[in-house]
């Protein structure tokens, strides 16, 4: 008993002293000084995988890299880029453009990307966009779809309850009314395409949810994606958003190679490996990087 | 669970999370012990300070930690992801928890003891550091133990703003609908709290040998 | 500036109607908090009375309630969500777990704190164990017991905001949504509402305390306080750390 106690105490002392000597615990924010690149991600699986892939690619160029995962939504992440807590984040062209330019109406991939490049604030920049895309999509259960709801336009006004992340309302409530004349009896705040959103649709609390096209939950639950004939949701190509001085030319080249290697299909497969097969984000990212020649 | 822990990368990441957790929960503890002693002394000497501090700490306790974590950057100008935000918030809570017991313990030092120390020629500061403060240690230690446990369990909430130590395991596991990381996170939090508590008891016993001697 | 924005958010009529309005969220928040504290009291008060009265199991009680304190609420809530497939039960259980230690500590310390002389006098008058418990120890323990309930309520009100993470419309909703997108008006507004609710509930419990604590006990408690500070000695020798607070989550 006495010995066990001694071992526990010794171990704990080690832990504490190890902690004391480790100067940088995952981004204390001293990035500029140490030349370390901090890759950040928003709080959903796909974004975390992408951040880990970016980090691996940058590491391969010899840079010192750390990852801050699951930070929050875009508003918080961009703020962290600007105050130099982060260097790079994986982003989506359409939503990022709408964030930088609240009046934007562009939705087609190339046009969105061109507009995004010109609207990105001083000090930040976007690299080459990837062909891989992960769009917002409204989905319903098969039963609802069989009842005649195939397109966003079929949602009508005041017939259904929608479940989506907190920021959906500010971003889309007005637009969906303008384009399709659609209103909801209620917009319930759930989460960013996570378990709360999916479960709310499954148990009938809501009848429509906002998911992402790469989500493994759509196929797994037989949900039906609603068509968006008037392209309310803009193109959402994956694109690295970075602070210009945080990454050198070699690093930018490596990130471009990653973007070139990503496709919508392999991205969806990466998400499935984490969410369904329960592999770790780090392993899935590392496996993917082996297929990219950096 | 076994599959989850069998991966070396996962174990390394767990260690990082654990170290971050230790850092985020114990730095505030150490800082607030110092702060609480200073403030407790002020309370002990000046009654009005006492009333003000107690009122302030009552108000503080009604503010949810998530809100405090997030508002600190706007109040003191730190960056939004800086661990300092979580550390300062926890320091505030812990100091609020410790000030009152410290003040009461100082009040409770028998006057004949301080009188004897003064008679032996102790200057006020030396008397405070070598007589009054050590006598307050048992009460302070009880408060520190509660503070360490509650800090260790509170750090997790920081995961909702991207600075959460082991709390990240809860948000990650939840999004994956994967129990293994959540269970590991809970168990590691409990073990950490237990180990730190044991260390605090040992430290207290070292600092107050007379208490043990006095026992049958 | 921030507080002006938060105030504007608070008085915005848009936040006062519909399923996500402030009154609805206050109601949900209140239900969870009152439910959790009641649930915790049902467990913790009898347990605290038993241990305090018999003196048996105090070590287990202290160890157990410290372990409960260390349980991270966010971990418990997410764990129980995945197990039960929904947020409601999990959040309620997690909040009960949070509320038990302070109530237990308050009850136990209250019984321990009763002047041994008073208990002996009751014994001398021929009271049985049960009579001593209900007629002497419990009335005398009420001030500390209510203190425990108030501590529990404060922590539960602040922590119930975590429920929003698993989709429950408590006042944590504006807090969490606001924090994710750095909308200061929203989350500071939410925090203010939570703080006000905490203060209001605390006042209600304090009022209840004034109603149920017998006048004699109140007087003697006050006398005890002045006496102990004048004598500058700690009266209580209970082995439990009497701090029953923790920090709010």
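Think of it as A, B and C in the order they're written, each chain with its own count starting at 1.
The working rule: a residue touches a chain if its C-beta (ideal position, glycine included) is under 8 Å from a C-beta of that chain, and two chains touch if they have at least 3 such contacts.
Since this is a predicted model, take the numbers as computed values, not measurements.
Colleague: Give the chain pair that accounts for the most C-beta pairs in contact.
Modeller: B-C
Colleague: Name the chain whose C-alpha centroid is most distant from the C-alpha centroid of chain B.
Modeller: A
Colleague: From the mean C-alpha coordinate of chain A to that of chain B, what's the distance rounded to whole Å?
Modeller: 35
Colleague: Starting from the mean Cα coordinates of chain B and chain C, work out the distance between those two points in Å.
Modeller: 20
Colleague: Between chain A and chain C, what is the gap in Å from one C-alpha centre to the other?
Modeller: 39
Colleague: Residues of chain B that touch two or more other chains: which are they?
Modeller: 80, 159-161, 171, 174, 177
Colleague: I need the residues of chain A touching at least two other chains; which ones are they?
Modeller: Answer for chain A, listing residues that touch two or more other chains: 43, 72, 76, 79, 195.
Colleague: Mind pulling the chain C residues that touch 2 or more other chains?
Modeller: Within chain C, the residues that touch at least two other chains are 81-82, 165-166, 176, 179, 182.
Colleague: Help me check something: in the complex, which residues belonging to chain C touch chain A?
Modeller: Against chain A, the touching part of chain C is residues 18-20, 81-82, 85-87, 165-167, 169, 173, 176-177, 179-183.
Colleague: How about chain B: which of its residues touch chain C in the complex?
Modeller: 59, 61-71, 74, 80, 90, 93-94, 97, 101, 107-111, 142-143, 145-147, 149-154, 156-157, 159-161, 166-167, 169-171, 173-174, 177, 179, 182-183, 185-186, 189-190, 193-194, 197
Colleague: Under the definition above, what is the set of chain A residues touching chain C in their complex?
Modeller: Residues in contact with chain C: 43, 72-76, 79, 165-167, 186-191, 195-196, 199-200, 203.
Colleague: Contact residues on chain A for chain B in the complex?
Modeller: 5, 8-9, 11-13, 15-16, 18-19, 22, 25-29, 40, 43-45, 48, 68-72, 76, 79-80, 83-86, 194-195, 274-275, 278, 280-283, 286
Colleague: In the complex, go through chain B and note every residue touching chain A.
Modeller: Where chain B meets chain A, its residues are 3-4, 7, 9-10, 13, 16, 18-20, 22-23, 26, 79-83, 159-162, 168, 171-172, 174-178, 180, 195-196, 198-199, 202.
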